[in-house]
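In the two complexes below, subunit A is the common chain; its partner is subunit B in one and subunit C in the other.
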Partner chain A sequence: MKSIISLILLSVIALGIAISLDKIPFGVPKTKIGDYYIDKGREETGAANIVTSVVVNYRCFDTLGEVTILFIAAIGLGAVLATRRKKEKREIEPASLVLYAGCRFLFPLILLFGAYISIHGHLTPGGGFQGGVVVASAFLLAYLGCRGRRVSETGIKTVESLGGLVFIVVGLVGLAVGGHYFLSNFLSKGELNSLFSAGVIPIIYIAIGLKVGSELTGVIDHLVEESE
Partner chain B sequence: MTFLHDYIYYIGAFGLIFIGLFIMLVKHNLIKVIIGLSILETGVNLFLIAVGYISKGTAPIFSNSAVESERMVDPVPQALVLTAIVIGVAVLALALSLAIRLYHHYGVLDLRKIKEQRW
Partner chain C sequence: MVSPVLLIVVPLGLAFAIPLFGFISKRIVKYIPIAAFAFNLAVALLLIPEVLKHPIVVRIGGFPPPFGINLVAGPVGVLFSVLIAVAGLLVAIYALTYIKEGSKEKYHMLYLLLLTGATGVVLTGDIFNLFVFFEILCISSYALVAYIGDRAGIESAIKYLIQGAVGSSFLLIGIGLLYGLFGTLNMADLAQHIESASPISVFVPMVLIITGLGIEAAIFPLNAWLPDAHSSAPSSISAILSGIAIEVGLYAVVRVIFTIFGVSSIFMFLVFLGILTLLIGEMCAFSQKNIKRMLAYSSIGQIGLIVFAMAMATSLAVTGGLFQLVSHTLGKSLLFLAVGYMIYRSGSMEISSLEGMGKRMPLTSLAFTIGAFSIVGLPPFVGFPSKFLIVQAALAKEAVLFTGLIGLVLLGTVIEGAYFFRVVQALYFKKGNGDSERNEAPVTGLIPMFIFVTLIIVIGIYPKLLTDVLNSAASEFLNRIDYIRSVIG
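Entry: the complex of A and B
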């Protein structure tokens, strides 16, 4: 009965959406601002990746809000899960030798890959968010493969705060030095398609990478702790 | 057939959205509801990307100097979806942590049985 009502409701919604989508043709340019970013983005920000220049230069203040949402969600997860104190520490069965050795071999490589993606965000697809997730996946591998290893909670908090602090400080310095607005690009733009280019974009993306990586590692740490 | 060819991304995106909504409306298991939320979110992201697509467009990255700027897809929806994916991960983790707490408290994940306890 409930599913029949749901199906009727959904088909009514689908009909409305189909009628309105009829006015939005697929594959034609729809916004003018997109063309502006593609034409002027290289000169104005110095980044080869236009998506990065939108996220970290034109709309950097929104990105700060997004990082804050991620921070609040990580804090909320910690608060929800941390109310139950652990009583006794159970004995964990250690991983086999092959698993342990493979995990120790792969862990630094994945960290390196995450750092590469974070740093090259203004040149290639990727950036701080993606690199941070890759770094967190390295810690997930360590939790699954090398059982019993733990990331120190103080270390996670320190790196996370450092990332957020760098973001804010770069924004405030931009306000004081560069222009009349928060997070303005005050460093030299450099040569297009070189690593040291695009002003503050690589610095902010490294900070975001550290912050996202440590936050997601904290989330994984809380969930693993809860499951044991 | 040309209708299907032109609008296949819209159809796929809204297919995912409706599958997710249907799961959220009908299922009683809390984990399945969260899975439905995740599918719904994937559909919304796919729809936003599909709106920004331009026929025969490439990714808006000037790594290769031979790339011309005439045929590039709209970068604004892509930046928006980059934001939405990260927030989606955070929301998913928070929802799962709440599900864990509920399971510890009631011992069941079935929403009907939790309702009977009058909280």
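Entry: the complex of A and C
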């Protein structure tokens, strides 16, 4: 009975959304904001990647909020798991030779790839969030391959805090010098499509990459601790 | 001139920096929230005179709206910022000695971030940015509800998490549909174009957004999570959840209805929903034996009253609703803070275990009594002028319906009085069966309680202190044309 009622309620919601979606023209470039970003984005922000110009310049405040949400999720998980009693230690079976050797070989390459994606966020698809996740995946592999090895918690916390602080300090410097707007792009925009371009965007994306990478590594670390 | 963006950025930066401070000394961590909210209080108070003249529109990154994100620090935003800073500061002082267990560093970070999210919601002028700050507020409150880590806490946090996540998804779908229809996320720009779309296509996103926000605002029937979450969180967090979080949810609902959609057709529906929320909240509170659950249900009742007042949508009624919101924040935070140490001393949340507390903890009991009287609406406390204003506004409508409804509101107040007086009676006129040695709350607990008491009495005697701000805040809600003009120009 309960499931029938929920099905009916869900279909009412689905119908509503469908009716509303029906009114939205599909594939018609009509949004004035989107057009503005496409026309003016490169010129105003200096980033060759328009998505990045929106994420880290036009709507940078949202990005600051999103970084914060991930931060909260990570420390919330830590706070909740910290209150649980530690269980008895289980015997850890060492990883097989193939996994061990493969992990030692791949770890630096994955880190390099993550760093590349973060640093080139203003030129190619990707950016700090994606790069950070790639970095964290390297640490996950390390946890699988080299069991018993742990990342220092102090290190994670320091990188996490510094990443967030760099973001905010760049914003505040913008408020102080760049025409009195928080997060304004006060550095020179440079030559389009070169690595040193787009003003503060690469700096912010590197900070985000470090922050996201260390946060997700922290989450993996907490969960590994819990399962031991 | 100070920029309103500092109200969000400074606490956020300090929250990020807490682990670094923790390396220097574990003991200074707990003073950081106090520093952050003292700063916010000073900035917000400085902004008031300017904001009363005209709202300050802050462009983030220097892009003109609707292309970038902008903050709108109008009377409403600054009124709420002051309220958040006051409650945040006082509860942070209370937490100095109250929070003894768990990872304290994480508690203080989450606490700072929760209130940063709340400040962001009330200041932003962009609906997606509102969603982002709303998530900051919600996710940190899920974690804090589970902070004690006992079974009840984890269970109610998961309940809260699931319902909150469903609400957030509705909100996000609603925002997505609006963006699809109008191609903009700026609230003023949306408000400008909302009439150009057909009513049915706007109706669906409106329902989704109001339902999503209504879960955090605890409007009946979306409030199933609230009694559990508010009663199993640490008392300092209950004070913030009841005093700030649901009010901010309510702000978002009112902002969306008044400013973005500007629809008058659902006001009658909200009036009835408000009355229903009020009566159900008060009746459930009456039947509780657990003191924190009783206070949590009483918050639902008060939210119902505020929804009722706001939905009458006259300038007098909205002023009354905002005033009631201020008095609820002051009163309910005080009650939770007082109850926190009473529970700590008696070791139980049952009302019967609080008997004889009037002798054991005379000052805390006095603070509780004043908070209770203020919530019920007795003069000379702040609850009296605010409730009086709502009654006045309903009578000024000169309709039989509203006169009848205000009768129901007064019936709710009578029930409220009955259960609060029962607790006060247990505190003073019943003999406790435990030890009756005097064992007062520590000074860091008493200072914030008595600052709340002072505010309650001073504003109760001179309600004129707030009149200017409340009146211009009400007119900001009701004049959406002015809002649009001040942002888009």
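Everything that follows uses one rule, which is that the second predicted complex is superposed on the first by the 221 of 228 C-alpha atoms of A that agree within 3 Å, B and C clash if a C-alpha of one lies under 4 Å from a C-alpha of the other, contacts with A are read in each partner's own complex, and residues count from 1 in each chain.
Note that a contact is a pair of C-beta atoms (placed from the backbone, for glycine too) under 8 Å apart; a residue touches a chain by one contact, two chains touch by 3 or more.
Quick caveat: nothing in here was measured; it's all calculated off a predicted structure.
Peer 1: Counting only touches as set out at the top, which of subunit B and subunit C does A:D62 meet: first, second, both, neither?
Peer 2: both
Peer 1: Between subunit B (first) and subunit C (second), which does A:A48 come into contact with in this model arrangement: first, second, both, or neither?
Peer 2: Only subunit B is touched by A:A48; subunit C is not.
Peer 1: Touch test for A:V212: subunit B only (first), subunit C only (second), both, or neither?
Peer 2: Touch partner of A:V212: subunit B, not subunit C.
Peer 1: Per the contact definition in the header, classify A:L109: touching subunit B only (first), subunit C only (second), both, or neither.
Peer 2: After superposing on A, A:L109 lies clear of both subunit B and subunit C.
Peer 1: Give one of first, second, both or neither to describe whether A:L223 is in contact with subunit B, with subunit C, with both, or with none.
Peer 2: In the superposed model, A:L223 contacts subunit B only, not subunit C.
Peer 1: Where does A:S3 make contact in the superposed view: on subunit B (first), on subunit C (second), on both, or on neither?
Peer 2: first
Peer 1: Regarding the shared-chain residue A:A101, is it in contact with subunit B (first), subunit C (second), both, or neither?
Peer 2: In the superposition, A:A101 contacts neither subunit B nor subunit C.
Peer 1: Looking at the overlay, what does A:V12 touch: subunit B (first), subunit C (second), both, or neither?
Peer 2: It touches nothing on subunit B or subunit C.
Peer 1: For A:L192 in the superposed arrangement: first (subunit B), second (subunit C), both or neither?
Peer 2: After superposition on chain A, A:L192 lies in contact with subunit B alone.
Peer 1: What is the shared patch of subunit A, the residues that subunit B and subunit C both contact?
Peer 2: Looking at subunit A, the two contact sets intersect at 17, 21, 24, 30-31, 33-34, 37, 59, 62, 66, 69, 73, 76-77, 80, 83-84.
Peer 1: Help me check something: in the complex, which residues belonging to subunit A touch subunit C?
Peer 2: The contact residues of subunit A facing subunit C are 16-17, 19-21, 23-24, 30-34, 36-37, 44, 57-62, 64-66, 68-69, 71-73, 75-80, 82-84, 154, 157-158, 160-162, 164-165, 168-169, 171-172, 174-175, 178-185.
Peer 1: Contact residues on subunit A for subunit B in the complex?
Peer 2: Residues 2-3, 6-7, 9-10, 13-14, 17, 21, 24-31, 33-34, 37-39, 41-42, 48-51, 54-55, 59, 62-63, 66, 69-70, 73-74, 76-77, 80-81, 83-84, 123-125, 127, 129, 133, 192-193, 212, 216, 219, 222-223, 226 of subunit A touch subunit B in their complex.
Peer 1: Give every residue of subunit B touching subunit A within the complex, in rising order.
Peer 2: By the definition above, subunit B touches subunit A via 6-7, 9-10, 14, 18, 21-22, 25-26, 50-55, 59-63, 65, 69, 72, 74-76, 78-79, 82-83, 85-87, 89-91, 93-94, 96-98, 100-101, 104.
Peer 1: Quick check: in the complex, which residue numbers of subunit C touch subunit A?
Peer 2: 3, 5, 9, 12-13, 16-20, 22-23, 58-63, 66-69, 101-103, 106-107, 109-110, 113, 116-117, 120, 128-129, 132-133, 135-136, 139-140, 142-143, 146-149, 154, 157, 173, 177, 179-181, 183-185, 197-198, 200-201, 204-205, 207-208
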